[in-house]
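For reference, chains read A, B, C and D in written order, and residue numbers begin at 1 within each chain.
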Amino acid sequence: MSGIRWAYAINQWKPQFDDFVRREQHERALKTMSIAGFEGVELTYGTGRWEPLGNPRQLAANFGSVAGFREFLHSCAVDAVSSWYWDPAERSMEELTGPLSPLTEADVPAIVARASRLAEALAALGGSVLLVRPVPGAGDVEPLDDDALDRVAACWEAAGRATAEHGIRLALHVDFLSALRRDHVPSLLDRTDPALVGLALDTGELTAGGIDPLAVIERMGDRIWHVQFKDALAVDDAEEYLQPHAHWTVRVRGGAREVRWFAEPGAEGGLVDFPAVTRALVDAGYSGWIVVESDQSPHPAASALLAGYLVQRELRPLVGSAAPEGVS
Amino acid sequence: MSAVTEDERAIKWSYMDHWRSNGPTGPVDQWHSHKTMSAFLKQIKATGFDAIDTFDFRIWQMYGDYGGPAKYQEMVRDHGLERIVNTFHAADYDVRNYAPHLPETHANILEDFRVTMGRWSEIELDNIIVMPATLFYDMEPITEDKLKYSAECWNKVGEITAGFGVKLTCHHEFFCGIQSEPDIETFYSYTDPRYVSLFVDTAQHCIAGLDPVALYDRHAHRVSGFHFKDTRNVATGDDHRHRPDSEIMAPTTGKWFYEMGTPHGLVDFEAMMTAVRDNGYRGWISVEHDKANKEGGDYSESTAISRWYAKNVLEEIYR
Amino acid sequence: MSGIRWAYAINQWKPQFDDFVRREQHERALKTMSIAGFEGVELTYGTGRWEPLGNPRQLAANFGSVAGFREFLHSCAVDAVSSWYWDPAERSMEELTGPLSPLTEADVPAIVARASRLAEALAALGGSVLLVRPVPGAGDVEPLDDDALDRVAACWEAAGRATAEHGIRLALHVDFLSALRRDHVPSLLDRTDPALVGLALDTGELTAGGIDPLAVIERMGDRIWHVQFKDALAVDDAEEYLQPHAHWTVRVRGGAREVRWFAEPGAEGGLVDFPAVTRALVDAGYSGWIVVESDQSPHPAASALLAGYLVQRELRPLVGSAAPEGVS
Amino acid sequence: MSAVTEDERAIKWSYMDHWRSNGPTGPVDQWHSHKTMSAFLKQIKATGFDAIDTFDFRIWQMYGDYGGPAKYQEMVRDHGLERIVNTFHAADYDVRNYAPHLPETHANILEDFRVTMGRWSEIELDNIIVMPATLFYDMEPITEDKLKYSAECWNKVGEITAGFGVKLTCHHEFFCGIQSEPDIETFYSYTDPRYVSLFVDTAQHCIAGLDPVALYDRHAHRVSGFHFKDTRNVATGDDHRHRPDSEIMAPTTGKWFYEMGTPHGLVDFEAMMTAVRDNGYRGWISVEHDKANKEGGDYSESTAISRWYAKNVLEEIYR
């Protein structure tokens, strides 16, 4: 029996800034995850009054306290927040800060402080991993040289030290637009203390970036601290990720082809072999959360249930992890 | 909590066939294609349902697309679900040729059931569910004679279905001719318990102004199943006799039915489940939420919420 | 200035039997057509209490009388029912009849009587054309021989004579699944009195059937009594129309490829050249309704407005017909 | 009815930029891609709108995707629409640095408008619309001093925008600090009519318990535009000060706003249009129905219904 637990990412329920703001919507989403067999939920950092689940201050404003939010989770039969995804380039209306960059030394203290606060809340919510976007998109920064990689490594090592104080691990989430995409992930990892900084494996992002997740597990399996299972429906083989503002033009709009990049595991046309990835993770001794997600979805409840079917019927048996009580 | 093994479970959960997903040209039901059927069954299984119910009129698609009910049931089983538990017989009631309160139409009704039961005989069903009367406005005034004729009709139908090993059970829509408490009581006083069972739809009785728990308690010995579904409105004025239709067109609301576990629901499911336990019922409870997609709803979500409620609230009472 | 008027088909608003039943839904659909610049609405025959716009008895049950429905139309700023589409193979719950076939001589009196009743209502609603499905689908009948064509011609000539008594023309609507699709349309038309039976040109059906609507206008322009503008997104080049129950397996499900066949004019990927068809109709002296439709639509209001834009900005100027008051 | 030529029309209709259509991954706004923008503009034009309004924050997409406001406006014109009439300045109000009732934040606010107006200077706008106060709970208690400071702030902002030929106009959300009738009256008593106009949002005033027609009649001389939109609910209890948000999260309703022409609407648009006529207003009326897609709504349909109502009801009163 492995130490793998299954969670679902909530981001698919919020396609636009004014969606998914009301309590009853959160309740229905969390109950849907729960009944589909997921024990945890992954949150995504957000800011402002229309992001009630976006950061610890909003949780407090909406649920009285972070602990109040955990009670709400429990009332929906969800056990924990597995993890929180945070891109430091997102501003904070609560703290009146603009984008922060790990490449800018002056920003590092603020990044470390923010990571620490997120980790503190995450610990209170039963979670274990803070996911960060380690560097901006490839089209939005100068190519990363050794000096840049040193700075990035120092930043995340410091942040990892801060989160570790709360018992939370810090994992670098490398997406398909990342300036690290090409070859820099090993170089960056080599610069960091394996006790302080790990890797988050996102099957969909890797596949969309033309990288085989099985190869990453084989090469860097011992550094993997977090896993996200999403499917990829297309590969960026035209290197569109090198464009400026690719977050909008490539990720959101779908690039020149206006493709849909991602979907829940098991979606029609999906490129990822989830049973193979699951077996490889077990073989590599992975222990921790596997967070299933679709990124965005035209029909979030259907995505969660279809993914739940795949996990219950095909993937969980490979892992040998116990089903949550009542799920067969 | 101690784990309950499969064999120990008194209650299993079945999902009644109402579903819409979104196709390229608008909403489609799960029978649209093998793909949509598979996606439906996966979602029903993922939420922990044990089986499905269906409609009689689906048998044409079972034959046309899957090779018949037995073959279709194999697909259901391949998705981890046990079987098809009940079928709902949605007849075209018409006072000219198909009206239980009009004896001159009984021969036609009996023949319909002989043919229907033959079609289903290749699989095992628990119940064939009927609305036991025409639309209210086609039966009113509701007289004792009409209730008696109706009972006689269903006694004979029940004898036919019993010959196929299937119970005939009555589901009292709020807009059918037998829906008030006194009329339901009179109707059952004339039916033969060996041949006519009661199928308690929590929402329909609630809309008609009855307490479904009390009704169940009175008739528990002949209740052969349930539709657990919720509503937010009790019928008012002429809702139950709204011409030409009450189920979708009544002015009170554009959406009578909600999944259990919804806020503002009028059905007391905890009391219902307690009664199910206290009456020692063992077997299937069906979950239904027809027209869940109206007014912005989503079948996948309604299915998840209702099954979440069954697992996290009702199974704590009885399972 | 031609005698062309523009209408929109209501069928796209009813994807499933329990949809589009309530009065307020009809009101919103009709107002949407109206504000998009359409003067008329085309109805589709239907039966039973969830088809309030399906036949004259249902109109009476829902609006007091056929005239009551016309008042409702006027209250929505829609001038007329342009036309009614009827397939005699559809049963009638109101009249307790099953499918009727023009190939079965015994059915002809019932077909003629039904056509007459529909025409009577249509006349009261300001319409001008009863559209009929002239024969069943190719996969559902024996190949049509001369004798069969004679019977079909006799049936529709009789029906056309009956509708003419109400001032309503009868037009044969040949769809892409029709047993007439291949070569039989001219043979059938040649057998009928041009004063009693005309042709309904449906751009989408022809295109999906591999037939160029321009060629049909050129060859049979003088027999065209009705036009439907819908776009085709795919062509049945594998002759799937020859399968039994193609109405379900090919039309509804989309055949082996599960394609979407039809959409409103101007839809992305549409195969029909509507300006060319419009010019050809004007050149052929066509006068009457052009009914725009999408058949089914995931977003009916958007379909109606996008088609309205095309008509207002591109097609109406080609026709030279006056815009309805207030539409520029 | 006699035809009214373009030149004779007293009123033209503009559509305020709220829109969602359905993309492959869920709802998207019209700024998603050139394709979705074109589909949006086609639908606005098809229903007979003359122009559009927009938001300040859209300017980044105008620059990024279209080459700036002038180029974007060319695309608008290619679709048969006249131009961009108004822009809405959606600021991040915060008592720490951006709060009209707090004079120490005024310098920051003024600088924001200098920068903003410069960005827009390549096209001609009629109004820049603002919410004239922070959220209610960030301003209360509402004192005369705070209203006076707010007025002073907007007087200065209005002087800046006037320098760019654009009116500064105030739009009183029901959940902002200046929303009650007495507070609105006090606020305008301190503002300079040359620099501060009123923009009447029929639904917002109605939700706040004001009669929008009476408000308009009192201030007609300084009204520079309208949002014609409807509501079905008046705010109750603490709705207007609901933390952290009233616009979407207040308990009373999940959907405050509806298109005009909807049933059960609380705004009397016929009276409003009559007042517009009787006050001799000439120019633009904007139509808005933000969050129309919530609870099963559809922007295309709401746009059609509201414009249908403008054409078939309101233009019969005045045009």
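Heads up, the rule we're going with is that a residue touches a chain if its C-beta (ideal position, glycine included) is under 8 Å from a C-beta of that chain, and two chains touch if they have at least 3 such contacts.
A quick map from chain label to UniProt name: A, C = Inosose dehydratase; B, D = Xylose isomerase-like TIM barrel.
Nothing here was measured: the structure is a model prediction, and the numbers come from that model.
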For this session: Spell out the chains that contact chain B while also contacting chain D.
Result: A, C
Exercise. Taking each chain's centre as the mean of its Cα atoms, which chain lies farthest from chain A?
Worked result: C
Exercise. Just curious, how far off is chain D from chain C if you go by their C-alpha centres, in Å?
Worked result: 43
Problem set entry | Interchain centroid distance [CA atoms averaged], chain B/chain C, Å | 37
Exercise. Between chain A and chain C, what is the gap in Å from one C-alpha centre to the other?
Worked result: 52
Exercise. Which chain C residues touch at least two other chains?
Worked result: 24, 298, 300
Seminar exercise, completed: Residues of chain D that touch two or more other chains sit at 22, 35
For this session: Considering only which chains touch which, label the overall pattern as line, ring, star, complete or other.
Result: other
For this session: Give the pairs of chains that touch; include all such pairs.
Result: A-B, A-D, B-C, B-D, C-D
Problem set entry | Interface residues, chain D side, partner chain A - complex | 20, 22-29, 32-33, 35, 64, 92, 94, 96-97, 243-245, 248-249, 254, 291
Exercise. Across the complex, what residues on chain B touch chain D?
Worked result: 294-297
Seminar exercise, completed: chain D residues touching chain C in their complex are 1, 3, 6, 21-22, 35, 39, 42-43, 45-48, 80, 261, 263, 298, 300-301, 303-305, 307-308, 311-312, 315
Exercise. Given the complex with chain D, which residues does chain A contribute to the contact?
Worked result: 12, 15-16, 18-19, 21-24, 48-50, 52, 58, 61-62, 93, 96, 245, 248, 252-254, 258, 260, 262, 295-298, 300
Seminar exercise, completed: Counting only contacts in the complex, chain C reaches chain D at residues 24, 28, 31-32, 34-37, 77, 268, 298-302, 304-306, 308-309, 312-313, 325-328
